[in-house]
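There are structures below to look over.
Here come two complexes built around chain A, the first alongside chain B, the second alongside chain C.
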Partner chain A sequence: MDLVLQLLFTGIGIGAVYALVALGFVLIFRATNVVNFAQGEFSMVAAFIMVVFAVDLGWPYWLSFIVSLGGMALLGALFNLGVYYPLRNRSFLPVIIATIGASIFLANSVLALYGPQPQVLQGWFDTPGIQLGPVYLDSQYLLIIAVTIVLVAFQYWFFEHTLLGKKLQATSQDKEMASLIGIPVSAMIMLTFVYSALLGGIAGILVAPVLFVSIQMGATIALKAFAATIIGGFGDVAGAIIGGLALGVIETFGAAYISVPYKDGFAFLVLVAFLIFRPQGLFGERVAEKA
Partner chain B sequence: MKLTRRGFSGALAASIAAPALIGRAGAQGATLKIGMCAPVTGPAAEQGRYAQTGAKIALDAVNKAGGVLGKQVELIIEDDQTTNPGIVLAFSKLAAQDDIVAFLGSIRSTQVHAMAPDVLKLGKPVMIGGTDPALTHMGNQWLFRFRPNDSYSGRVLADYGVNTLGKKKWAIVHSTDAFGTAGGKALTEALGKIGATVALDQGYANQSQDFTPVVLAVKQSGADILGSYFTFENDLGIFARQLRQLGVNIPYVGSPSIVNVSALKLAGPALYGTFGVADYAEDSSEASKAYGKLYREAAKVAPDNQSAWTYDAITILCASINKAGKTDPKAIREAILATKNFAGAEGTYNFDANGDGLHGYNIVKNDKGNIVFDKHIDFND
Partner chain C sequence: MSVAAEAAKPAPARRFPGPLAGALAYMAAAALAMLAAVFLPFDDYILHILVETATYAIAVFGLTVVLGLCGQINLAQAAFFGLGAYAVGLGTADLHLSFWLALAGGAGIALVMGACLGMSTLRLGGHYLAMVTISFQQILTLVMINWIAVTHGPDGVGNIARPAWFSSGHGYLGLCIAALALVGYLVWRLPETKLGRSMRAVRDNELAASVSGIDVYRIKVAAFALCALLGGIGGGLFAGGFSYVSPDQFSFAESIVFLTMALLGGVASPIGALIGTALLIVLPETLRFLKSVPGLYLAIYGLAVILIIRFMPDGIWGFVQVYLRRFMKPAAFARSAPELVLVPAKLEAESALEVEGLSKHFGGLKAVDSVSFSVRRGSVHALIGPNGSGKTTTLNVLSGLYTPTAGKIALDGHDVTALPPHARTAVGLGRTFQNIRLFRSMSALDNVVIGAERPGHDLGQIHAALVDQARAALAFVGLEGRARDPITSFSYGHQRLIEIARALAGNPTLLLLDEPAAGLNSTEKVELRGLLKRIAGEGLTILIIDHDMALVSDVAEHITVLNFGRRIADGVAGEVLRNPDVIAAYLGAEPDVAHRA
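Up next, the complex of A and B:
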């Protein structure tokens, strides 16, 4: 039982990270109908900005965090202007390829600027964790779970109870209609990219003390987050969260009880099963082509 | 004198070719050339810089002492881009220069495997640092290794854990790539030969974000010592931290990555008190200390194996060419293989017929973040 509780806590902790990055995927998909494959690199860039300010320059943690989020907002805006906007009237394929290109560009830019060595970023708390009976709770994982809950609540309130949120929803549902009723569609999409970059950035900064800061960290998380998005149902916020958490728990238990080397395999086995038997995901609606 | 068309063409061709011919003849006469493939760009660019520095320190010493065969030695460096295609290209560029007498290859086994067929075709000596045992056991007589191969690391880990620390029930954690699998296997075999048992043999995939299941398996196995082969330092850092968090405090001996600078930085206190094998340990011998001093003066950073092996390679190669008295590849090969009891920075070189120069490792301890030399274990076979 102790073992199960320990695995469950770790699984939920790592799953919360996938969920945060998956949220970014979902938001951009809803607004633009394309998958942003550079979402993971947003996490990596934010973590490196934190290292530059909090570690190299010795700025206070909170100030570095704000600077890092500022940087991410800027990156999100530039990403929209440089990658999505010029291709917005093309089919989804050129946009997806452009996001893959941007992802490679971001990873290699950081490599050129900062070098290949992984870096250490301290967590928010001085205490590494607490022992609760037989289970050890890593303080950073506790923080990740807490932030995920807060962000999900915020997102629900923002999209369902604010005018701006509703405008964003309208944009994602039908751009032409939204435009006809006076919603500035380009600005809404810009806002979506900025918010997604912020979400990715927060995930990166939160996970950095656990996984360290490295060039590969973005790709590793994004791949799982992408799987989580498909399991949850592309385009569904609740689905992304449940998908992320489920993936974290499945791979942790699979590793413990079946095979450690095939840990990643379990995640993708579930993904393939969903693609075959329930391609719309847990919460997605079946989309039928009109004849 | 009447200038004919033929005469004019001949004069023009001669005037174009002359500088190149004269330059080439001059170059051939003036220096003796050694080619070096090193990562100038790519993920290992930093380590590539260390490797070049080590080689240049050795080269300066050789040239100050009068050079080789009465000539000054020149190092021609080509970028291997830290990739397999990169090193194949770099080596072919160097191999095309007839006046290069010998080469330095890579510290990465995979790159050495990539260039090995071309080395065999060319038939000139190439010094390497890759530790896959197969490299010197696949019928390529032109590869000479300046680091101990991985078959020794498993034996040294087993010997130290069982005979020095007195622990006989082992948990082995290793990556599932070629390096980790071979390392785990070598350690298991070595333990079997000296009567120790393996309670857990646990592989993991590289770039795992979480090691909780692995740590819990170690805990449940009841092992009294842990041995590991980690490929990437970030994996090792996460594992070591979770190991301590989940209360596993048995003695821990690991492959070289456990004592490298990145791992120490990432894992911090989680690796305090652990032991590791290291081919270069500054305090392991007088020669290692002397090299450490030279390197610190030149590079202003602590020395490690990335530069120590190239230092030894240039030193021994130049001495061997001098001993051979000519640049004939076969004569150089025989002179390198005849090198015995040579005190280098990495250890004492006794080349065997396969081209392996070193036959043991140093055991070092992580003493609150400082790497302290503990003992050297050598084998005669």
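Up next, the complex of A and C:
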């Protein structure tokens, strides 16, 4: 029982990271109808920027964090200008191929610049964690869960209660209509990319102390986050969060009770099971075909 | 670049002297390439590069099929390549099977895996397929590394045997070139076969493909399985060529390399695949200094993918083809188009279409609410109603794009209520769309040929008969003279006529026309009216939806009127148009206004 609680805590902690990246997926998908296959690389690049500034250059953690987020905002903007925007009027296939190209480009550029050695990034707090009854609460996992809650709350407030948020929603629902009523659609899409790069970046920095900071972490996180969006229901914000948490828990239990080397395979199995038996996910509506 | 691979290449380009001459030229070139492989004094290094090029190219041909022809993505080609390679490796080294048996086994495993993966995902959109193939790729890599008892783990498999007759480097290269030439020929000819045409149709427009009688899901699964099969064959030959394989040779990065090869050369043609493969194998060999920095290569590949997609979407071969086309005019047809014969279907039922209590609800909205009508054989029946009355929804339910909430549809006496669109087409339904849906990358003729080869329309599957039927249908709408022109070169009005010709070529029992006059100018409308009368004159049953009352009252004998999803009138044209409820519905006067809420 103690082990179960411990695993549950760890699973939710890691699941919160998937949820954050999944949220970035969903936002871009809703704004552009494109799945950004480079979403995981945002996490990876942010984690490496942290390693460069906080570890290699010895800057304060908070300052490195700000620099890293600045870098992410810039990367999101460049990504939009270089990858999505020129192809915005083409069908989805060229666009996803281009985002896959971008993913390969980002991961291997970091590899070429930094080398293949996985790096270690310290957690935010000096205290490793606290013992609460039978469960040991790792401080970094607590931080991840807290930040996820804050970001989800912020996002809810932002989209439902600010004019900018409503403009973003309008853009994602009907670009033509949005531009007809004077919403600068290109700027809104730019903002979406910047914001989801930031989300991905925060997720990467948060998870870095738990995992190693490696070139592969982007692809791994992206795969899990994508599986999370399918479990939750594609394009659904609440679904992405719950799907992310569920996947984190499933994976942690799978690793503990079934097999550690195949830990990353559980996401795939869950993904395929959902695709076969419930492709609309937990919360998604069945998509009607358009004639 | 290699003499051998170059020699095999130019042949497929010359396709217009006729398929037979083309095939002969191709065989001669392939034989020459094989002779060169066996007898030219290549050293081991060159032999290795050539074997690598030939085996990779076979796998890239798979992407030509799935991505180029069918428009579906596969980011796990290295996994299928790896399945073939491990089957040959483990089969010959550990199980001491014959090379051929191991190769066939590997190809079979890849085929089955590809089919299963495709079946689980291809009903959904392309995003899912991309992610699922990436996942599959990563799972397979995990298995190769961790299932040490069987796969030897990260150490890889050594001592892989070659078949007895091809044990020398030159002999084995000859075998690979032969396989390359054979597979290349099949992939090159594929677009002109029924399967290949169906794949192109699915790529261009899934909805139009399904109402043309193509089982979209099955075609996608077939394309995906075929791609996996070619990956398995290529991988099996690769393993024999190098006698040692390890998991890192079949990683996700390699799948991206395969994709880059296909995109760079041109994804639409096996020639492009060969060009792309050869370039991306030879270039890294000549630019070895780049390999000293890990990651640099793949970073460049990633960048190349983005740039190719943006600036050269048809790849190198697509770019070259634009120039080649200028010198190659398609041969003229040997004889003039035959007369279109529209045989009214076997008289099984009095009404061509019987609709009973048909309903379609979207949540609380009753778009169609227990509508019944019947279309008499040989008549022109119109379904009219104001905007939002449920006409197009009815049509979409009739052609199977929506499943009805309730009701029954009988086509020519057959209950088709539960059938998917392509199966209804097989029973004898033909339709056009309000917003024209043609296969935009094809010629007018190819579009109409797809209509002609619908299931249930037996022309003996002889290509000449299909082409004759398609030309006859095009001649019927007055566009036979431009049969070989690409769709994009036709005006909007002509595209609508081609869409009608596509439906006519299948000799349907019932032709559904969804607002055929929409977007036409007045001259075109007059022509359309004449065309519809001629079709009706041939005895074909038509159900037409349109807003143009002049057109409807001129061609329709029988009219059903819908308003707010309900039938408000049904009968002989003249009477219905004088019906006060109908006039009220159109002019927006009382009693119906109260319904709107």
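Everything that follows uses one rule, which is that the second predicted complex is superposed on the first by the 280 of 291 C-alpha atoms of A that agree within 3 Å, B and C clash if a C-alpha of one lies under 4 Å from a C-alpha of the other, contacts with A are read in each partner's own complex, and residues count from 1 in each chain.
The rule we apply is simple: a residue touches a chain if its C-beta (ideal position, glycine included) is under 8 Å from a C-beta of that chain, and two chains touch if they have at least 3 such contacts.
If you're wondering where the values come from, they're calculated on a predicted model, not measured in any experiment.
Within the superposed three-chain arrangement, the count of touched residues of chain A is higher for C, of the candidates chain B and chain C. Within the superposed three-chain model, A:L223 lies in touch with chain C and out of touch with chain B [touch as defined at top].
Shared-chain residue A:V67: touches no atom of chain B or chain C. Judged by the touch definition given at the top, the superposed model places A:G129 against chain B, while chain C stays out of reach.
Residue contacts after overlaying the shared chain place A:L282 against neither chain B nor chain C. In the superposed pair of complexes, A:V83 makes contact with chain C only, with no contact to chain B.
Touch criterion met: A:G101 reaches chain C, while chain B stays clear of it. When both complexes are overlaid on chain A, the residue A:G115 reaches chain B and chain C alike.
Of the two partner chains, chain B is the only one touched by A:I14; chain C is not. Of the two partner chains placed by superposition, only chain B is touched by A:L3; chain C is not. Within chain A, the residues touched by chain B in the first complex and by chain C in the second are 111, 115-116, 261-262, 264.
Every residue of chain C that touches chain A in the complex is listed here, in rising order: 71, 73, 75, 120-121, 123-128, 130-132, 134-136, 138-139, 142, 145-146, 207, 252-253, 256, 259, 263, 293-299, 301-306, 309-310, 313, 362, 392, 395-396, 401-402, 433. Considering their complex, residues 43-46, 176, 202-205, 207-210, 212-214, 216-217, 220, 233-234, 237-238, 241, 245-247, 262, 265-266, 268 of chain B touch chain A. Of all residues in chain A, those touching chain B in their complex are 3, 6-7, 10, 14, 17, 111, 115-118, 120, 128-129, 136, 138, 210-212, 214, 216, 220-221, 252, 255-256, 260-264. By the touch criterion stated above, chain A contacts chain C in their complex at residues 35, 37, 82-83, 86-87, 90, 92-94, 96-98, 100-112, 115-116, 215, 219, 223, 226-227, 230, 234, 261-262, 264-265, 267-268, 271-272, 275-276, 279, 288-289, 291.
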